[in-house]
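Going in written order, the chains are labelled A, B, C and D, and every chain counts its residues from 1.
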Amino acid sequence: MEIKLLTEHYSKNEFQGLDGYKKNGGYAVLPKALKMEPKAIIEEVKASGLRGRGGAGFPTGMKWSFLPANNEPRYLLCNADEGEPGTFKDRLMMERAPHQLIEGMIISAFAIGSKKSYIYIRGEYDYSKAVVKKAIDEAYKAGFLGKNILGSGFDHDMDIYSGAGAYICGEETGMISSLEGLKGQPKLKPPFPAVQGYLRKPTIVNNVETLAAVKYIIRDGAAAYKKHGTEKSAGTKLFSVSGNVVKPGNFEVPLGISLKDIIFNICGGLKPGRKLKAVIPGGSSAPVLTEAEAMKVTMDYEALAQMGSMLGSGAIIVIDDSNSMVDILQTTMHFYHHESCGQCTPCREGTGWLSKIMHDILDGHAEVKDIDLAIKISQQMMGKTICALSDAAAMPAISFLQKFRSEFEQHLAKTSHKSGDHHHA
Amino acid sequence: MPKVKINGKEVEVAAGSTIIQAFKASGQEICHYCWHPGLSVAGVCRLCMVQIEGMPKLQIACNTEVKEGMVINNTSPMVKETVQWGLDFHLINHPLDCPICDQAGECGLQDQYMQFGKYDPQMAEAKVKKHKVIDLGPTVVLDSERCILCSRCVRFTDEVSKTNELGIFNRGDRSEIGCVEGKPLNNNYSLNTVDICPVGALTSKDFRFRQRVWYLKEADSICPGCSTGCNVKVSYNEEGLWRIKPRENKEVNGHWMCDTGRDSYKFVNLKARLLAGKIGKRDSWQDVAVADAARSAGLKLRETVEKHGADSVALVLTGQYTNEEYADILKFFTGTLKSKNVYHWLNNPEKVNEFDGLLFRGDRNPNTKGLEAAMKNSGAAAGPTSGKWETLQSQLASKKVKVVLVAGPENQATFPDLNEKIKMLQQAETLVWMTAGHNATLDQAGSETWQIPLKTYIEKAGSFTNFQGKVQSFKAGTTIVPQALTLSEAAMLLSGHDIDWNLRPKGLGGPKTNYSITQRGTL
Amino acid sequence: MSTAFTLSKEAEEFVKSELKRYETTYSAIIPSLFRVQKEKGWVPPEAVPHLSGIMGIPEAHINEVLYFYTMFNKKPVGKFHVQVCTNISCSMNGGRELANALCKHYNVKDGEISGDGKVTVSRVECLGSCGTAPMMQVNDQYIENLTPELAIKKLKELGA
Amino acid sequence: MSLVKRPNATAEWFLPGIIFGLWFTLKKMLWNLFNQKKMPTLNYPEEKYEYGPRFKGNHVLTVKKDGSIRCTACMLCATNCPAQCIKITAAESNDPSVEKYPIAYEIDVLRCVYCGFCEEACPVDAIRMGPEWQTAALNGSKFTYDIQQLAYRPQLKGGIVSVLDEKERHQAGI
């Protein structure tokens, strides 16, 4: 069952504008938050158990508390560079309720003491950029942004920044590089962004959904928020369901809901006559689940981790038996090859190599031993690079090749003779 | 000073240093490409992986600071496998054109693969094709396929030369180093990018294809290009010098040197050199043995002093000789000849104090400071006496000075006023010109002239005093013209003494030719 | 060099205002390149030295940014730049067939400009519209839930 | 240990030995006269012996399909040569796909020991030891073979094509 906390008013068109937003309870939490102690807000967020909704699932309150206690200017960056294949929730949130994000951001900025924030929106989301920009202008006019917000003495400026087509800019340090006007290449850690981020100043990067949720935590209190979800995975989450389901789309559900429930109840199940084959539970980087695994897993950070997969950005891609896993893995590997920033050698060369092997397997130019080689390459790419893109490419490769090995072998047996001799010989 | 244990060996390193520096300090091997001590940390080659006790994941040594009591190793099977695969990742798209690659023999990929490699290449797919033979500028050629994108050269132009010509364009395995059309890699430090390139992607136009590096030997020396006195190593073989590379010295030049300094091997090679003593004037030159030329010149000098007094001779010195040589020649001149008529020939007085902010200085002599000090010590004169040229000029015009003894510039290109000054000095009845190279203006001499070949900086031991007053001594590297004299030897011969000819180094034989064949007669 | 390449006055003003908008002048590179693309349809290589002159940022840095991001067209494109997503969800729902059909209809290969100079069809990675697959982006506009026939019809309506 | 037999009386009396020798020669001569085709010797220089294809004779520099020299001037042969008889001077080609090529390649065949290390060292099949073995010349200088001699001498009929083609290799991505 869906719980509409963040998405309560999303069906109303007026919610996009300032007036409609205010009519539906908008900017009612901000005055309350501005009267609180910033530390109290951080404690509240900590207590709520809110975890980053962008993919890594790092506890938000904890992240905020890593900021050094000094008077250096600090930045709040909203990560709206939604690039993970299968994810389209941030776009919905920005287009339907830009003010909800802005309000959440002002509260968060107040909590961490930031005077400047940026919303980094992926370049392709042209409409989102326009909507958010308009909303920011409205908020400035209404006095929610700028100097001395609502007479609290708190100043805050907000701006949007457009990406220009790079998946890697969704990685927080990659995004910071991009915002600094450089190539969007992730930076070495340490130092972590909370210590030295944007322009080498303390910086907090949070996902759209995370920042929007902050508003509801302050509105209802941590305890109320924590009521949704499980013990360690608190709150609600937007899942973007795509692939072979009858009713794809974004659905807000409490964490801990069973995947079966999402696919068969909320999304109306598969098309008639089709059988579930596999599910990618957290965007293309998440290891794939077989049908049996998908039928028993619940959608929270711990259960998925136990299953060897991850919740990621909450993008559920449902794959039925009409699809070839070889084809899907090839598409995925092509994507990571295309998006690798080219900084670290294992990722730069490994993604290219995997992509070529997958292409060869698809075309029947490969042998069975290439499957083992691909697994070996993937293992050597894991945890060897600056950012997690290398892992993101390696994890699906390993899971696809291990869990659906027989399908790959059958594909090779079927196709390996059609091409005649090739350069392997 | 934290103490760490590296592969079981305890080392103490300065606080704040990284693990890779601790490895270097402990003298242990660690595989790496992108890290360079003179540049910022990029951490992209992912080869300096080490295992630290208490950390689940491998860490890169170049970006991890040492902490007291860290236990580090890079010999565990896990690290070894990672490095092997890391090297394989570097090599899968690297062309196997070592035969035509100039880096072969001093290539990071070759050396480190031999030491740490997997020896089992599994890449069967086609390699990524990139651009080859790209002209980056007047000095450097790029081969993108060979590039392993360590970004050292880009960091160099960003951080050291601050000229920002280079960038890495595109992304993933399509990335290529390059310049933007209209802004080539054209600065006085461009060739350092070639030095720091761990593979053969960047090659020097000057050195490219001229020698295989395994035929070359190396000798340490001091660059004579300017008063900075960069520490260098010179590559040579029996045919002569081929290139100059910087040698690390934190106090003087760091890891770098300028492109101008790299040219200071050209005047050392045989083609530019004076090979025998020459006595006479225009159209009547006579080649004589070097020792005879020096002895007869000495005789002439001493006779002149006897006849016309000590002021009838003059000594002109340039700042391109060693401190020891200055002492000897000044001892001869002020002691034996009892003359104080010594002049310091400073080539470009108006530019002496120029400095480009990094290394290159306007004073294009390696030992101006040393010469000034030597002149002061000998009691001849003090300070740069460019102003005193008028005195010499008037003395020459009035024929008061009859014989001028000159230790001319070794690197003639640094003296823009060379020909003009030679003509002026030729006003003397006799000019005794000692230098390493030949000179066309000198060959047109109208008056009696001695030309005595001297040795260059690489052929002798000695010391230079650089602009900081730092005395840097160096050893003889190789011998190009064995018969040439050092200024000290010349001073001995000029004063009528002999030198121990047995102690002098022999030449290295000259260019390799199949000469024995052509000398065999017809049957 | 920059002699042959010029930008409109408004664009130059825009670049100058963007330089002041962000905390660092470098941040203005992406918006400026977008502006050039808006004006010229693509970013010609001559734009880089030109922008470098206005912005006071080394050419190599601007070029790095230009080549890093895929949304900048390094080659001229047609008036309608049709980008078809062929990532997982879209290709599962016929994204590739859509791209092939469009290529066939306009008689172009991937990334080419059609004969009349109007259309370029490119296959791109995920555009964040997976729930409404397959989809295409025509210039800045998302058009979703497509079939080949519907896509061609929609493009016709737009004037391609 | 070998024992030397001291000559005894019969051995010292040499006339039977001479008669045996003359008889043996006559026998062979008569046999040869009637069996000329079975004769093991050749009438050099009218007749010449054909060596096997693996015979290591005079060096050949192979050429590419377009007739230009295959050698890339990597100097591995010169480095590997135990007699140090190879001298190469490299230069940069105007054709970027060639890059490096030799402007001079000299082998001093009088110094060469015909060991074949050069062809083993060669990474691109640029030098081979050919089947030729007649190296007589009237002048000492004729024994320094240059590119003209090594690659394009008349016996090679326009040059031997190398098995490795750089362009093909590059296109295949090797």
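Criterion: a residue touches a chain if its C-beta (ideal position, glycine included) is under 8 Å from a C-beta of that chain, and two chains touch if they have at least 3 such contacts.
Note that this is a predicted model, so its numbers are computed, not measured.
The pair with more inter-chain C-beta contacts, choosing from B-C and A-C, is A-C. Centre-to-centre separation between subunit B and subunit C, using Cα means, comes to 51 Å.
One inter-chain figure worth recording: subunit A and subunit D are separated by 71 Å, centre to centre, where each centre is the mean of the chain's CA atoms.
Per-chain Cα centroids separate subunit A from subunit C by 24 Å. The distance from the centre of subunit B to the centre of subunit D, each centre being the mean of the chain's C-alpha atoms, comes to 45 Å.
Among the residues of subunit D, those touching two or more other chains are numbered 172.
Residue positions of subunit C with contacts to 2 or more other chains are 61, 64, 68. Among the residues of subunit A, those touching two or more other chains are numbered 166, 183, 338-339, 341, 423. Which chains touch which is summed up as A-B, A-C, B-C, B-D. By the touch rule above, subunit B contacts subunit C in their complex via residues 154, 157, 164-171, 178-183. Looking at the complex, you find that subunit A touches subunit C at residues 82-88, 90-91, 116, 122-127, 159, 161-167, 178-185, 198-199, 240-244, 248-250, 280, 284, 315, 317, 319, 323, 327-328, 331-332, 335, 338-339, 341. Across the complex, subunit D is touched by residues 96, 98-100, 104, 125-129, 132-133, 208-210, 212, 214-215, 512-514, 516-523 of subunit B.
Within the complex formed with subunit B, the subunit C residues making contact are 1, 45, 48-49, 52, 58-64, 66-68. Across the complex, subunit B meets subunit A through its residues 41-47, 49, 57-58, 63, 81-82, 85-86, 89-90, 92-93, 122-126, 128, 148-149, 168, 170-175.
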